[in-house]
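Both complexes shown next keep chain A, but they swap its partner, so chain B is in the first and chain C is in the second.
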Partner chain A sequence: MGFYFAQLLTGLANASSLFLIASGLSIIFGVTRIVNFAHGSFYMIGAYLAYTLVSIWSGSIIGFWGSVILAAMIVGLIGLVIELTILRRIYHAPELFQLVATFGVVLIFQDATLAIWGAEDLLGPRAPGLDRAVRIMGEPIPEYDLALIAIGPVVLLAIWLLFHKTRWGVLVRAATQDREMVGALGVNQAWLFSAAFVLGSFLAGLGGALQIPREAVSLQMDLSIIGEAFVVVVIGGMGSVSGAFVAAVLISVLNAFAILIFPQISIVLPFIVMAIVLIFRPHGLFGKPGSEKGAPEEPERPLALMDQKSAMVLFAALGVLALSPFFTADFTTVLMVDVMVATLFAVSLHFMMGVGGMVSFGHAAYFGVGAYAAAMAVKFLGFGMLPAMIFGPICAAMAALFFGWFCVRLSGVYLAMLTLAAAQILWGVTFQWQEFTGGDDGILGVWPAKWASSDKVFFYIAFVLCVGGIWMLRRAAFSPFGYVLRGIRDSQTRAEAIGVDTRFHQWMGFVLAGGFAGLAGVVFAFSKGSVFPDSLGIAQSIDGLIMVLVGGIHALAGPILGAGAFVLIEDWVTRLDYWRFIFGAIILVVVLLAPDGIAGGIQRLLRMLKGERA
Partner chain B sequence: MNLIRRTVLGALAALPLTGLTAGSGLAQDTIVLGEVNSYTRLPAFTEPYKKGWQLAVEQINTAGGVNGKQLEVISRDDTGDPATAIRIAEELVSKDGAVLIFGTFLSNIGLAVSDFAKQKEVLFLASEPLSDAIVWSKGNKYTYRLRPSTHMQAAMLAEQAAKLDAVKWATVAPNYAYGQDAVKAFKSELTKLRPDVEFVEEQWPPLFKIDAGSTVRALEAAKPDAIYNVTFGGDLAKFVREGSLRFLFEDRDVASLLTGEPEYLAPLGGEAPEGWIVTGYPSTDIETDDHKAFADAYIAKFGEAPKTGSIVGYNSVLAIAAALEKAGSTDTEALLAAMEGLTVDTSPTGPFTFRAADHQSTMGAYVGKTGMVDGNPVMVDWAYADGADYLPSEEDATALRPAE
Partner chain C sequence: MLEVTNLGAWYGRAQILNGVSLNIQENEVVALMGRNGAGKSTTMKSVMGLVRHTAGTVHYDERSILGGTPHAICRAGIGYVPEERRIFGDLTVEENLEVGRRPPRPGAPEWTLEHLFELFPNLDERRKNLGKQLSGGEQQMLTIARTLMGNPKLVLLDEPSEGIAPVIVEQMARVIAELKREGLSVLISEQNLHFARLVSDRAYIIEKGEMRFEGSFADLDENPEISNSYLAV
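Entry: the complex of A and B
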């Protein structure tokens, strides 16, 4: 009995740490609708700052807690600077665009932290006065765990009081429900947003600082926490702080007991819980309907077919690409294959997000399934290259058929998070099921057939498949099916009213996008000769997301420009020292110059050149 | 202002050109080596490694180079992604004119590059990855590996562990290929030496996401006599802290893989556990002449003591130089012939040989215990374990490899 009680306490202590970071994320999303990837960076910076401060004032109880609070306040200040200089300028960009800016911030912080604190992990001191374990029912429990168990609810109470007993809190809650109305009543929204962002950053910094006595401060802290923090926010319901608390307790306690029975489960447990919760409660445990989306946006301009001049430019560009193997080096040909794969992947994601209106944080799942299906068909079923290239996309479409059925029942960020859960569960299976998938050692030796093994020949195979895939997706966007999808995106109610089966169309859109992502995965597998679980990991999904958003979600050319720019800039920039800093800065510059993406920026530029008013 | 803007714009405009011109300016009297590693993903381990090979290249070039030519290393960051690593390897070989590839830290990237080497028929020296698959189940003609593998290091620990009284063992390892290999190898080697041991508990925390409190309690609940640990880095720090708070290590033996390496041991500071049986690298405590010379030069150049990565980086370039010298050319077939059975007679860690049968070097590791000297965690009572003694015989090793 004592053992299980102690295990429960361990879970609760973890829950407190998780809650602190998730609560800040939830507040920021609730008020500003920003999906803040940089939240993990705030957490990491908080830990590093606290480490430095604690090292200066070591030993005393006041010194320790003072350092923790001061570190959190500095992080709040950093949050303020980011809000004022970057985010404030792009609130009117298309939904989720701010996510790109926070991604740039993540990259910049990673290198800045490395430059300031060095590469080695730093182990801070334990908390003075709380550095031992006490025996409860005969089991040793660290005193600091007990302190954490108390801190979580105290912070929750403080936030509750702040939100319910102060005018500011009332305004924040009002803004969470209806931003426009709050603005119409004469409240200065800009400062409300700033304050919410500062509070969220402060909480993330606090969460990081409080980890000092528990773990070594390391450069992996930012990315290792961010996924779980999002999961907690979503399970609790976006914008609900008490929901985040319940979700943090649920996940941490479940994990503490699950590893007793099935130790391997930790890898995917949070995502499984999230998937189950979302299937039964489409807005999380405490989320309200409507909490998944920002204020209704201006309706998009309808997509227009290209005029003759643009079409000629496009064909010229395609012609140059097609002939490029004859006048460039071998390596450029290889790089171009990577660009085409990324472009097809981004276009398929754009079909889902831009045309279908379904945001996906886990599109890599279908890319990876395509790649793995092809690789396994070659390895285990003895398929040749061409049959495997057909088999891959079919498997990806089947996977999309299965997961899509669940996903299209949700909308907005909840849908996005369920796609992420699907991708993570697939990733977990691939990672864990060593006998079948090779685990993280992957599947090797998936090279093109002999006749296609030269870089030039493979380039043309990739060219046909990728450009063909992009062309088909473009055709689909202008087909009756595409028009229906766009109609559903712009107004689900009206689409239903005229007799469209909205779910079925979205489901089929999901499958189509998944199938073409699988095609990109197949080309990828044969161009690299091996596949690893990374191909369906979060990083791959996020790369796709950044390509689509940076390129411009409201134009069909957006993902093409975005993917090309992303791959080529990354290939160039990784040659430099501190390339993540430079890459992050480039992303921020693009974001600030073109809040409507590269495609939108170019359109504006062209209009300006023609002397029209934008 | 205007001047600055023009300079910046000019520099920006010229940037794409740098990619095109690199490589063309090389004189004929250099040998280009391609190097790829996870410099941004895992800087704590790859920075010392980079310093190691930089020192070796500098020393060799000052002494007149190899076959009368200077060595030049083109080093790139793989961003921790196998696909990127392959693209870079392609560029190094086809554009930069690298005669071979070396480096990599993560096992999956090592495997990806080794498969690329096989396809493109270029020599690859896997410096750091530990995975057994690189030389055994997925070994190929073009790939050699320097660092003592997971299996070798686990066998070194098992040999010491077998001398303990402990019968009931529990294991804790990060849940990915390296952790799984390490546990499998330790179990089989220890059971060979001590058929009476039993393994009563396994914990598999996700890499760099250990829930240390719960893991420690799950291990404690099994009441083992001894614990075999494979966690490292941030996971290790959390595990040690939670474990010592909850008395997990009281009256228990612990055998811990790689924990004696300065990269992992130093960050633990004053909280480093004492008396754990570990494999690692005692750095400046090694008093052989060759090592002293290496360590002195390293400290003079970088102002810090060498770490495990440093020695791996240094030995990589020594091995490559020896192979180039023996081959007398940079032709891949000649290099492959030279690598087979290549012996490097003088290295800071002593002589080592690349076995012809499985392409694994016999470079060893240091086995000892953790201890505290002047408040700093170090390895004590250590001895060098020659890798050759912990490898299967060459016949058995051949059987582990796929048919060529």
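Entry: the complex of A and C
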């Protein structure tokens, strides 16, 4: 009995930190509608800063808590700088574009932290005055855990008072519902956004700083926490602070007990809980209908068929690509396969987001399922290359058929989060199921058939599959099915009113996008000769998002430009020291210069040139 | 005090307003009439800075305000009451009013909570209720009261009589008369000729984004074909 109670207390102590981070994320999303991937970085920086400050003022109780608070305040200040210099400039960009900018910030912070604090994990001191354990029902409980258990509700109360007893808090709550109206009533939104961002960053920094007596400070803290923090925000309801508290407690306590029964489950448990909650409560426990929507957007321009000039440019480019193995070095041929794989992956994601209006944070799931299905078919079922290439996309489409059924019941950020949950569950299974998937070691020896093993021949196989796949997705976008999908994207209610089964169409769009992502995965697996769980990971999904959003979501050429630029820049930059910093900086520059993506930027540039000539 | 000249407005590529001009003098109540989709709301939103793509000029107190942000335009002294009401459903009545509160403005009547609750007695009883718990008529009163908390000199009132019970419409007419008595200027958009005549000094008629009529209600009565072609349903 005492043991279980101790386990409960551990769960509650974990919940406090998670709540601090998630509440900050929720406040930022509620007011600014930004899905802030950099929130995990704020948490990590908070921990590192607190580590340094505590080392300076070691020993005293005031020194410890002063360091924690000061670290959180510095993180709040960093948040302010990011809001003022980057995010403020792109509030009018298409929805989710800010997400790409925050991911650029993540990369920059990763390398900045590495440069300042080094790659070693740092073990902080225990909190003075709270460094022992007390016995509760015979079990030793760290005093610091008890302090954390108290801090969570205290912070919740403080935020509640701030939101209900101050004018600023009332304005924040009003802005969470209708920020445009708050502006029309004379409130400067820019200032309100900055303040919300500072508060959110402060809370993340506080969450990180409070962790130093409990766990080593490491460079992996940022991305390891962000997934869980998103889950907590979504379960609680986007924008709801008390929801975040309930969800943090729910997840942490469930986790504390689940690992007793089935230790491997801790990686995927939060995502399973989120999936279950969202199926029954599509806006989270305390979320409101409409809380998933971003800024009101201008209606999208219809997609235009290509004019003759662009078609000629495209065919010329394709011709050059098709002939490239004959006049370029072998490594360029291999690189071009990477470009084509990434492009097909990005186009399939664009089909889902740009045409289908369904934002996915977990598109890598279907890429990975395609790759793994082909690899396992070769390894365990003795399939040849071509049958495996057919088998892979079918499996990916089946996975999309299963997860898509749940996802299309939701919309906006909630849908995106459920796709993320699906990807994380698949990733967790792949990672843990050593005997079947090879776990972290992956599956090796997935080589093309003998006749296709030269770089040149494989290039043409990849060329046919990828260019053919892109062409088919493009056809689909202009087919009656594509028109219906775009109609649903622009107005679900109107589409329903004219008799369209919107869910069914979105479901089928989901499956189609998943199947072609699987095809990209298959080509990827055979080109590398191996598959690893990374193919299903968050990073792979985010890469896809960056390609689509940076390329430009409102144009069909967007994902093609985005994927090409992404792979080529990544290939060049990863050879350098501190490449994450450089890559992040490049992303920020593109985001700031072309808030409508590369495709939109080029269109604008062309219009400008034409205007000058006229 | 408000001078709109040749105002154009677009949503995406669709042009909604095509050269709208109107003016409002100090302490005047002016009706902007027209059918659904004629451009009444878009005119008000453009003045308020809520439409991003506009052309032409808007001067308020001799200062150009077109292209300004909504909060700057509000702070200059223009209050906006949207047609959809847009009250904050999760905030109490008092909190809704708090969001609209601005410092007193020289030359404009100063509204206190007590004064507003006298004008809208229903709201007084429901101070602690959430916005979403109010009836449609009460929400309409709240959205006007919320705008008055900003102590504006000019109020843009978008379709105040739409979708509320006849007894509340009468109350609304009394409120508008009270605003005029306090010295405010009001631009009110309206489809109902009877209500417009009851509360306003003169009228504009808009159709397909263009002004078709400007003048007194007496002028309008002399030319019944105007109201027949632009207002009759």
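Quick note on the criterion: the second predicted complex is superposed on the first by the 610 of 614 C-alpha atoms of A that agree within 3 Å, B and C clash if a C-alpha of one lies under 4 Å from a C-alpha of the other, contacts with A are read in each partner's own complex, and residues count from 1 in each chain.
Note that contacts are C-beta pairs under 8 Å (C-beta built on N, C-alpha and C of every residue); 3 or more make two chains touch, one makes a residue touch a chain.
Bear in mind that the values here come from a model prediction, so they are computed numbers and not experimental data.
Novice: Putting chain B and chain C onto chain A via the overlay, clash or fit?
Specialist: After superposition on chain A, which the two structures share, chain B sits beside chain C with no clash.
Novice: Taking the superposition on A as described, I'd like to know which of chain B and chain C A:121 touches: first, second, both or neither.
Specialist: first
Novice: For A:529, decide between first (touching chain B), second (touching chain C), both and neither.
Specialist: first
Novice: Vertex at chain A, arms to chain B and chain C: angle between C-alpha centres to the nearest 10°?
Specialist: Spelled out: centre of chain A as vertex, angle of 160 degrees.
Novice: So, does A:589 touch the first partner chain B, the second partner chain C, both, or neither?
Specialist: Once the two structures are laid over each other on A, A:589 reaches no partner at all.
Novice: Per the contact definition in the header, classify A:84: touching chain B only (first), chain C only (second), both, or neither.
Specialist: Neither partner.
Novice: Is A:276 touching the first partner chain B, the second partner chain C, both, or neither of them?
Specialist: Once the two structures are laid over each other on A, A:276 reaches no partner at all.
Novice: Check whether A:136 is in contact with chain B, with chain C, with both or with neither, and answer first, second, both or neither.
Specialist: A:136 sits against neither chain B nor chain C.
Novice: If you count the residues of chain A that each partner touches, which comes out higher, chain B or chain C?
Specialist: Result: the larger residue contact count on chain A belongs to B.
Novice: Quick one: is A:571 in contact with chain B, with chain C, with both, or with neither? Answer first, second, both or neither.
Specialist: It touches chain B, and chain C stays clear.
Novice: Going by the contact rule set out at the top, does A:579 touch chain B (first), chain C (second), both, or neither?
Specialist: first
Novice: Working from the superposed arrangement, determine the closest approach of chain B to chain C, counting only CA atoms, in whole Å.
Specialist: 34
Novice: Please name which positions on chain B make contact with chain A in the complex.
Specialist: Listed in rising order, the residues are 15-16, 19, 40, 43-44, 47, 76-77, 79, 81-84, 86-87, 90-91, 94-95, 107-108, 111-112, 114-116, 118-119, 131, 133, 138, 175-177, 180, 202-206, 208-209, 211-215, 217-218, 221, 233-234, 237-238, 241-242, 245-247, 263, 266-269, 271.
Novice: Mind listing the chain C positions that touch chain A in their complex?
Specialist: Residues in contact with chain A: 11-13, 48-50, 52, 69-71, 74-75, 80, 82, 86, 88-91, 95-96, 98-102, 146-147, 150.
Novice: Quick check on the complex: what are the chain A residues that touch chain C?
Specialist: 167, 170-171, 173-174, 177-178, 180-189, 288, 298-299, 301
Novice: Over in the complex, which chain A residues touch chain B? Could you list them?
Specialist: 3, 6-7, 10-11, 13-14, 110-111, 114, 119-123, 126, 132-133, 140-142, 145, 214-216, 218-221, 224, 252, 255-256, 259-260, 263-264, 266-267, 329-331, 334-335, 338, 431-432, 434, 439-442, 444-445, 447, 453, 524, 528-530, 532, 534-535, 539, 571-572, 574-575, 579-580
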